[in-house]
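Have a look at this one.
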Amino acid sequence: MTTPTRPAVDRRTAAAMYGTMALIRRFEQAAYRGYEQGEVHGTVHVGIGQEAVAVGMIGALRETDSVLSHHRGHAHALAKGVPPERLMAELYGRSDGVSRGKGGSMHATDLRRGFLGTMAIVGSSIPVATGVALANKVRGRDDVCVAFFGDGAVNQGVLYESLNLAALWRLPVIFVCENNSYAITTAVGDATAGPGVAARAEAFGVQAETIDGQDVLAVREAAERMIEGARAGRPALVECLTYRFMGHSRGDPAHGVYRDKEEVELWQRRDPLRVLAEHAGLGDDLAAELTAEARERVRAAVEFAGRSPVPGPAALMEDIVK
Amino acid sequence: MTTPTRPAVDRRTAAAMYGTMALIRRFEQAAYRGYEQGEVHGTVHVGIGQEAVAVGMIGALRETDSVLSHHRGHAHALAKGVPPERLMAELYGRSDGVSRGKGGSMHATDLRRGFLGTMAIVGSSIPVATGVALANKVRGRDDVCVAFFGDGAVNQGVLYESLNLAALWRLPVIFVCENNSYAITTAVGDATAGPGVAARAEAFGVQAETIDGQDVLAVREAAERMIEGARAGRPALVECLTYRFMGHSRGDPAHGVYRDKEEVELWQRRDPLRVLAEHAGLGDDLAAELTAEARERVRAAVEFAGRSPVPGPAALMEDIVK
Amino acid sequence: MTTTTPAAATAPDAAPGAAQPATATFAAALCAAQHDAMRLDETIVLLGQDVRAGFPFGATKGLVDVFGPDRVVNTPISEAATMGCGVGAALGGIRPVVEVDFAGFLLLGLDQLVNNGAKLRYMSGGQASVPLVVRVGQGPLGSFAAQHSQTQHAYLAGIPGLTVLAPATAQQAYDAMRWALVQDDPVVLLEDMRLYRRGGPLTRGPVPGSVTSTVHRPGTDLTILTFGHGVVTALQAAQEVAARGIDVEVLGLDSLNPLDVAGVARSVRRTGRVLCLADDPPLFGTAATLSLVATTEAHDVLRAPVLSLGGRAVPTPYTPGLEALVYPTPGAAAEAITTLMKWTD
Amino acid sequence: MTTTTPAAATAPDAAPGAAQPATATFAAALCAAQHDAMRLDETIVLLGQDVRAGFPFGATKGLVDVFGPDRVVNTPISEAATMGCGVGAALGGIRPVVEVDFAGFLLLGLDQLVNNGAKLRYMSGGQASVPLVVRVGQGPLGSFAAQHSQTQHAYLAGIPGLTVLAPATAQQAYDAMRWALVQDDPVVLLEDMRLYRRGGPLTRGPVPGSVTSTVHRPGTDLTILTFGHGVVTALQAAQEVAARGIDVEVLGLDSLNPLDVAGVARSVRRTGRVLCLADDPPLFGTAATLSLVATTEAHDVLRAPVLSLGGRAVPTPYTPGLEALVYPTPGAAAEAITTLMKWTD
C-alpha cells in the first residue's frame, strides 16, 4: 500500500467532505430502516463504513465526468450529486424516483448528474465505463469515467479484458476497487490468488495503487493524480482498502458467521467520518452541525419519498424502447 | 524470455521428436491439399512452423496426462498419439474419424489417448482444462492436464479467471500459450497491452515463463520442470514464441496483407525441424529417413481416410446424449 | 479448495434423520437430494459462490459440515471459468454441481455450458461424457428488478444436448436432483425462486427412473400445460373455477427437454381445451412451444384454439405495483379458462 | 486505437461510385450501408476482430481506408468487454457497431447485451439511450461444425428492449443497417452466413422509415412465414410447386422483434394455409412463435392446421452429408406444402 503524503486540506473542503459522508451515512441508515418497514423492497445493500471511497474519488471529478456503480451504490450516487430525495423515492419505488421506481436501489441512474447507472451483475459496470471513456475520446472530450466495483469483481474476467482495452486505446477511465475484505461470506484470500488487483492491473499495462480507503484525504489525493493522468490517456486502477460495517444485504448480520465481532469493531475504530474529523481537526461543534444538517436532509428525503405516488399501470410498458 | 540451459538430449529421443515433428508437418501439408481437393471441408487451420511446441510439451507427458486443444490443433493430437489415419479420416468427415466425422478439424477428440477435445471458441479450452485438473485432484490422481491456446486467447477474460482458480486450488494444470505473433490479421502488439501473458499469469499467482517455441529441446526442458511442479500442485503458464508459416486458414495467404514476406522468411529460417537437427546433430541421413517414414505414414493415412465410408444418415441423431 | 478432511458427518438442516414421508421446503428438498446423492457418490462436488454458507436460499446449507470443503467448494465470482471448470471436471470423471443463484448470472457462463457442455458428446462422436448438473434460480423473487428477474426456460430447452428440468414441488425438486445426478450428460435444473420457501411432502426415496410430466390435478374440461411455479398459479386458478363447475386438469412439464409430448397429447386429446401458462412472454417464450405441441397433437379434437398466457414483454420493473402486472396471476388464468370454456367458433 | 488521421477518402470495394440501382452481394450491401451511414454520422464507430481487414466476410472491407483506424477499430478477442464497451460507448453518446462473426461467439458477450444493453433504458426509467448495433453471423456456413453453426433468433427476439432484424436480401441488409443506425436503442442484425455472397439489386437509398415484413412473392393458396435465408428456401419451394399449380405467398419477417403481426394476419387470413419455416428446431425455436401468431390471428379461417418446418434438434455435424440433413431444404418445404394443400380434417 502506498503511503501518500497527506495533502494539506482547507477547512472548507474538509467540512464539505464530512457533510457528504454524513449525508450518505444517514441516508443508508434510513434506507435500511425503510427496508425493515416495508417501504424499500426486494433487497438493499448499504455501504456504511465505506463512505470515504465514494466521497474522496467522486469529489475530485468535474460535473461532466461520469460514474458507473454497482449493487452497493448509494454513496456513489449521492457523492455525484443525485438529490437524496430522488434517490430515496427510487428506493421506495415511487414515481419521483430517479429511475421512476423501475430500477430501485440496484439500478438508480441520474444521467443529468453524470451518474450513468448502477449494474447489479458483479463486474458488469467495468466494460461499460470503458466504453463511455471510448465515447469521450471519440467525441474529443477530456471527461473521465469512473467504474466502481468490489473485491468480488476482481475475479471476473471482464475486468482484465477491460483493463487491456483501456491501456491499448489509452482511454480516460479509472477503475476503483472497493476492497471491503468480503464478497458476501467469502473472504478475499479465499477468492483471489496472487499479489492482488493492483499488481494484476499493472500486468495489463494500467498503472495502479492500493490506498487506505478509510481516509478520505488519501483517496482524494490519489483521485486527483489519477484523474489528471486519465484525462491525458493514462487509465488507472486504485484499490481502496475499506470495510462494510453492516451485513452484505438485508438480513445478513454484521458478524457471526463469516467474520467475528472483534474484526468488525477493529474496523469501526477507523470510521471514515471520525478519521477525517481528526485529521482535519474539524472540531466537535462543526461535526455536530454537519451531522444535524445531513439528518435534516435525509428526513426531508424520506418525507418526499413517502409522499411521492407509486407509478400507475400505464408506466409498465413505457421506457422499453424510445 | 528465459534462456534455458539446453539439456543434453540423447540421439534416440531427438530422433523421436524429429520424427513426430516431421509427421505433423507432412500431415498438415496433406490436410491442406485435402482442403484444396474438396476432401477436407469447411475450413482448416494448419500450424506449420509451430510443431516444436506440441512435440516438446506433450512429449514430456505421461499417457494418463491429458491435453485440450484449440482450432489449430492437429499437432497436439498427433503428438498425444492420435493415429494419423484416424485424424485424417476425421478431417475427411468419415466414419473412421476419431469423432466419427462429426467434429472435423476443429473438434477432433480421442479420449483413449488423453486427447480430451478441441475447442474452436478462442480461449474456451482453458477453464475446461482447469476443471479436468480439478477432477484429477478430487480423484487423487497426479495426472496433469495441459491447455493449448494462441496469443489471441490471452485477452479472453476466462484465462484470468482460470489462472486464479488454478492458483487458488493448487491444480495440476499447465497453460501453454502458442504466441505466433498474430491472431488472424491482428498483431500481438495491437491486441495485448502491458508486459505480456507471462507477467499477467504471475500476477494471478501462477508461475510463468516465456521460451523459444522453435526449439523443441527448450520446450521439452521447460515442460519437464512445469509438469513436475503441476503434479505437486503448482500450476504454470508457459508462453512459447513461435510462428505460423502459412496463412491463418484456408484462403489466407502466408504474407501480403498484415505481414510481409521478409518477416515470414526470417522465421522460416528458424524452422523447428532444422533447429532440432542442428542442435542434436542428427545428420542428413537420419533426417531424410525420418522424413520418409513420416511421408509414408501420412500417405497411408490419406489412403485410409479416402477409403473410409461417409457416415450414414442414422448417425445424425446419435451421440446427442447417451 | 483447502485440503482439510471432512468434518464428522452431521446432517444438513434439511432432513436426514427425519421420519418418512416428511415435509420440507423446495430448497431443503434440493439440499436433501444433494446430501443423499453425495453420500452414495463420492465424486459429486458442489461448486458455487458461498455454497458453504448455503447463501442465499439454503439449498446447500450444512453440506460442508458433512462433506467437507473439498466437496463443497466456494468459488470466486467467476461464472465463466466456474462453468467451464464444471464442464472440465465432468469430462475428467467427477460429477460437479454448479450453482448459479440468479438466472441473469447464467449469461456469463453460457458459452461454456452451450458451446462445450451441451456439444462435447456430439462433437466427439459419442466419446465424451459431461455429467454436469447446473442449478439456476429463475423467475422473479419480488422487487429484485430487471437483472435479477429472468427466465431462460425456452432458450435452454432449445439447446440439443442439454436436459432441462423445471420442478414444481419439493418432491419434484428432490427427484429431479437425484435423477440428474445419475445422468451421463449435462442437466440444468431451473429452480423458480418463488418456490424455494414453499413446503410440501417429501419422501427421500430412490432415484426415479425418469422425469417427464405430472398430473397435479386431474380434470376433464380443460388442460393447463405449465411447469415450475406455473403449477402453483394453475392450481389456484383451477380451484377458483371449480366453484363454477369447471374441471381443470393441471399438467406440469417436469422436463422441458425432452418434452413429454405423449403426456401432453394424452391430456389435451381428452379435455379438448388447452391453456399454456408460462412466465415468459408468449412470443418467443415457452408457451409458444407448448401451444405448438398441443395444436400438433390434438388439432382434430380441439374444441377451441389453444390459448397462451405468459408474462408481459418488459424488463421486470422494481416497484412492486408494476412487477405484479408482469407475471400471469391465478385470476388471469381463470379468465383465460372462462374464455376457453365459452368458445364457439 | 491509434490517433492516425483518416486516409484520404477512397470508397470501399462495395460500391460508392456505382450507378443506381446496382447489384451487390449481401456482405457488400452491409459494407455500403455502414459506409453511407458513417459519412453522415461522425459518431459511428465499428468495433470488431479484424474489421480493418474486413475478415472474414468482407462486410467492413475498405472502410478503414475511408474512415481511418479511429472509426474502424480492431478489437482484441475479448467478446465480453467489447460488447460492454459497445454498450458504454452508446451510453456515452456515440454509435458503435459491434461485429460478432459467428453466433457461437455471441454467447461470450450476451451478459452485456442482454443485462445492460437491452435493459438500461427501462431500468433508468427512460433516461438512458443505448444506440448500439450488433451484427452477428448466424446459421451454418458449410462444415464449420457445432460451435460455428448456430442460430439465436428465437432467444434474442424474446428479449424486451432488443430490436432484432433478419434481412434476406442485399437490399434488405442495406436498409436494415441504415435503419438500425438511426435508432435510439440497441438493434441486433442477424446475418445468415449463407447469404453473404449472394448477389441482388441494391439501391443505396434513403434510410427506410421502418423495417417490418416483405412479400417476396405474392400468392393465393398458402403463406410461408420465414426470414433470413429461409426466404431463399421458400422461394425455391414456391417455384417447385408452382409447376403443379400451387400459388405460394412468401412473407419474410425482416424484423423478428417487433414482429409484424398485422402483416402476418393479412397474409394468412387471405391464404388460409400456413407453413412456418426456420432453421432452428420447431420446439423452442422461431417456428413455434410464427405458428402461434398465425394460429391466433387466423384460427377462424384456417383451412388446415399451421405446419412448422425447422431444423433437426442436433448440434450441427461437421461432415457434409449429415449437415445437409439438419436444415430444411426446398424439397422438404415443397413436401410440407403438398401436405397442407391436401388437408381435410
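Going by the order they are written in, the chains are A, B, C and D; count residues from 1 in each one.
As a convention for this text, a residue touches a chain if its C-beta (ideal position, glycine included) is under 8 Å from a C-beta of that chain, and two chains touch if they have at least 3 such contacts.
All values derive from a computational prediction rather than experimental measurement.
Asks: Quick one: which chains contact chain B and chain C both?
Replies: Expected: A, D.
Asks: Compute the centre of every chain as the mean of its C-alpha atoms, then state which one is farthest from the centre of chain A.
Replies: Result for max centroid distance from chain A is chain B.
Asks: I'd like to verify one number: the distance from the centre of chain A to the centre of chain B, where each centre is the average of its C-alpha atoms, in whole angstrom.
Replies: Centre separation, chain A to chain B: 45 Å.
Asks: Any idea how many Å lie between the Cα centroids of chain C and chain D?
Replies: Taking the mean C-alpha position of each chain, the two centres sit 32 Å apart.
Asks: If you average the Cα atoms of chain A and of chain C to get two centres, how far apart are those centres in Å?
Replies: Each chain's C-alpha centroid was found; their separation is 36 Å.
Asks: For chain D, what residues touch not just one other chain but two or more?
Replies: Residue numbers touching two or more other chains: 75-76, 78, 80-81, 104, 108, 111, 115, 122-123, 145-147, 160-161, 313-315, 317-318.
Asks: In chain A, what residues contact two or more other chains?
Replies: Where chain A meets two or more other chains at a single residue, that happens at 97, 99, 101-103, 107, 119, 121, 155-158, 161, 164, 168, 190-192, 320.
Asks: Can you tell me, using the touch rule above, whether these chains form a line, ring, star, complete graph or other shape?
Replies: complete
Asks: For a test of understanding, state which residues of chain A touch chain C in their complex under the given definition.
Replies: Going through chain A, the ones touching chain C are 41-43, 93-94, 97, 99, 101-104, 106-107, 119-123, 152-153, 155-157, 183-186, 190-192, 257-258, 310-311, 313, 315-317, 320.
Asks: Across the complex, what residues on chain C touch chain A?
Replies: So the residues of chain C touching chain A come out as 49-50, 52-53, 55, 74-81, 104-105, 108, 141-148, 312-315, 317-322, 325-326.
Asks: Which residues of chain D touch chain A once you look at their complex with the stated criterion?
Replies: These residues of chain D touch chain A: 1, 43, 45, 70-71, 73, 75-76, 78, 80-94, 96, 111-112, 115-116, 120-129, 160-161, 163, 183-185.
Asks: Show me the residue ranges of chain D that touch chain C in the complex, using the header's touch definition.
Replies: 80, 104, 107-108, 110-111, 114-115, 118-119, 122-123, 145-147, 154-155, 157-158, 160-161, 256-257, 259, 280-289, 291-293, 295-296, 299-300, 305-306, 308, 313-315, 317-318, 345
Asks: What residues of chain A sit close enough to touch chain D in their complex?
Replies: 66, 68, 97-103, 107, 109-111, 116-117, 119, 121, 124, 126-139, 145, 157-158, 161-162, 164-165, 168-170, 318-322
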